[in-house]
């Protein structure tokens, strides 16, 4: 049981990485990125391609993350920046439809070109035993890297001028402009950051399980749930909800099977949307 | 209803009724039938999204509920299919109304609507896969009860075609009545400005639920009819319905009657042309969705009208 | 490098024949207004006269339909708000002007987002804390938890952190208790004495006229009266409409 909880936390932290990206991108540009999970798959597949060409694993992963960031940049400058031209409700709707179309296109492209590609990373270490507890080093590494990435993000948002400006835009874009903040480049930066963090989540998922090309949609959905449950504008909320959902999902999958587990998670999301649309932590945080 | 609009509809009906004379091959008839299914889906999506701006990303599930109920119940209960058809439609309508009611009472913003409805869609998909002994999961269900059982021997595609255009025209007439009534006025006010609409005494929740009821009923009804027509259903059929509907809707232009008719026509043509490409068509539809929404949001019909309008102006022709 | 594009040499801000509109609704009609270096200039006017629209147009939130705006000889109409802040105009809106989910200190940090202000952050912080001592006490508190008066002080302090040459204040006394208002006007004079030019919109004409050097009266989007504060204060129309005499 304790092992399940550890697995759950590890998976949950990974979901937080995805959810935080959705939250940041929505906070700055009001775009609900329905293609977010595809970045995780793209990054894992890129790393896989390099690995198959004989490139060192770590280098492949770094290259994968870099290229995912570049893809994020290209998409933001081309498609997403067109969406920013619209205002208010139209922008939100456009964002939903455009990223929906994008996710469909990426998903279909990957499923058609490399249907049998599977990405996973095996570590050359033995499992660690603490008392009766067996911890896989890959689980441990995945959790540590997730935490590290989330801490770095937090430091960036809290301590740097750029990070503060990002938070300022999320609160009131016009007011941020009156402080001298130009929102456009920061929106681009956040989109790239979101893509890379999703990419990292994909890589880390390869440590604890296997990334298949079809999994992008599930990632998107889980990330959306994390973002919604955590409150669409709160980062702490995202981390907390990610971990809780990770534990619930892992335990429920173990005892009830994957189908029912997802149904339970989604039902919980629906209930949360209907009872507390601002998320479990409210608007604070 | 204005005289001109009646004449217009009679002409369209006549054209539809005579189409099988030209397209008599059963493959062509099948395409025509699919065209009408698509038209109906788009029409009903138009009612809920085009007329009251409720984002339902679970249209596939609403169609699917009608289909699965119509496929499963007749044999299990030993009841005639045409009794089950409205049951399926009413179930979809009930669920659609419930979603609309809770979300409009809670005043959910678009993003929450998107997540709520797509969560529902995924739940539906997972349940179909999970309840293997009833739904057959990925393998789907072969349907043995056909509403046209009495007409075996007749040209099945042709009979279905006339059944479908009858349904379509009944729907169009009812749609027209609604849009030109007080309800239609309320719909337009809600699309313009929901808050202002509630200030002038329009019960926004009531009209939103009404539109959700009508369109979900149509989704469920057509879903059931589709199951009987196709005699086979499986989960993948309902996966991309939302995308297809969105493409058709924005192709033709939202909030109009001709929009869905033209959109569905264009869509049927495109998907038929793309069929040799196989599963990669989804990729093309994804890209099409992006392009249409970015550049032709008001609908292609509006653009065409503008172009033809300029043409007629230049040549001093009047219509 | 730098060319003088318009406005007289001692004018820090010069507004020439500016028209502004929200959609089809014209709000400003051919406004002309100057602010000289070191002045406090007051804009009076009833509700809907176009005062806030004028300030929003200067700060770049709204683009003028016609006319030119010069700041230190440089044409600024058409520039986005963030560039105008960088040039040295800080606008404090009547409402907002703070980030409620950030601490007071973080809000002040945002004031120094303008790069040239970052070097002088310590000096500036000293000045605003001396101006509004309460902010020092509250510096780790979330801005959203401050009282109305404290919020107003924070929004002015944040604007001052950007080292503006021209500070634009929209109704700084609006909704505040009389005691706080007097404090605020004292602070405004102090800010001006320290060398910052101020353009001020106020409902509270009596108090505002005592600190202002010159004033404009706006009606229906037009400047109907202008002059130094004494002339304006003694004008029978102003006395009747704005001073309640």
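We call the chains A, B and C, going by the order they appear; numbering starts again at 1 in every chain.
By our rule, contacts are C-beta pairs under 8 Å (C-beta built on N, C-alpha and C of every residue); 3 or more make two chains touch, one makes a residue touch a chain.
Computed from a predicted structure; not experimentally measured.
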item	value
Set of chains adjacent to subunit A and to subunit C	none
Chain centroid nearest the full-protein CA centroid	A
Where subunit A and subunit C are represented by their mean Cα positions, the distance between them in whole Å	43
Euclidean distance of C-alpha centroids - subunit A vs subunit B, Å	34
Distance from subunit C to subunit B - Cα centre to Cα centre, in angstrom	55
In the complex, subunit A residues that touch subunit C	161, 164-165, 167-168, 171-172, 174-183, 283-284
Contacting residues of subunit A [partner subunit B, same complex]	26, 32, 34, 79, 82-83, 89, 92-94, 96-98, 100-109, 111-112, 221, 224-225, 228, 232, 257, 259-260, 262-263, 266-267, 269-270, 273-274, 277
Subunit A-facing residues of subunit B, complex	53, 55, 57, 102-103, 106, 108-112, 114-116, 118-120, 122-123, 126-127, 129-130, 240, 243, 246, 278-280, 282-283, 285-290, 293-294, 297
Subunit A partner contacts - residues on subunit C that touch it in the complex	59-61, 80-83, 85-86, 90-91, 93, 96-102, 106, 109-111, 113-114, 118, 158-159, 162
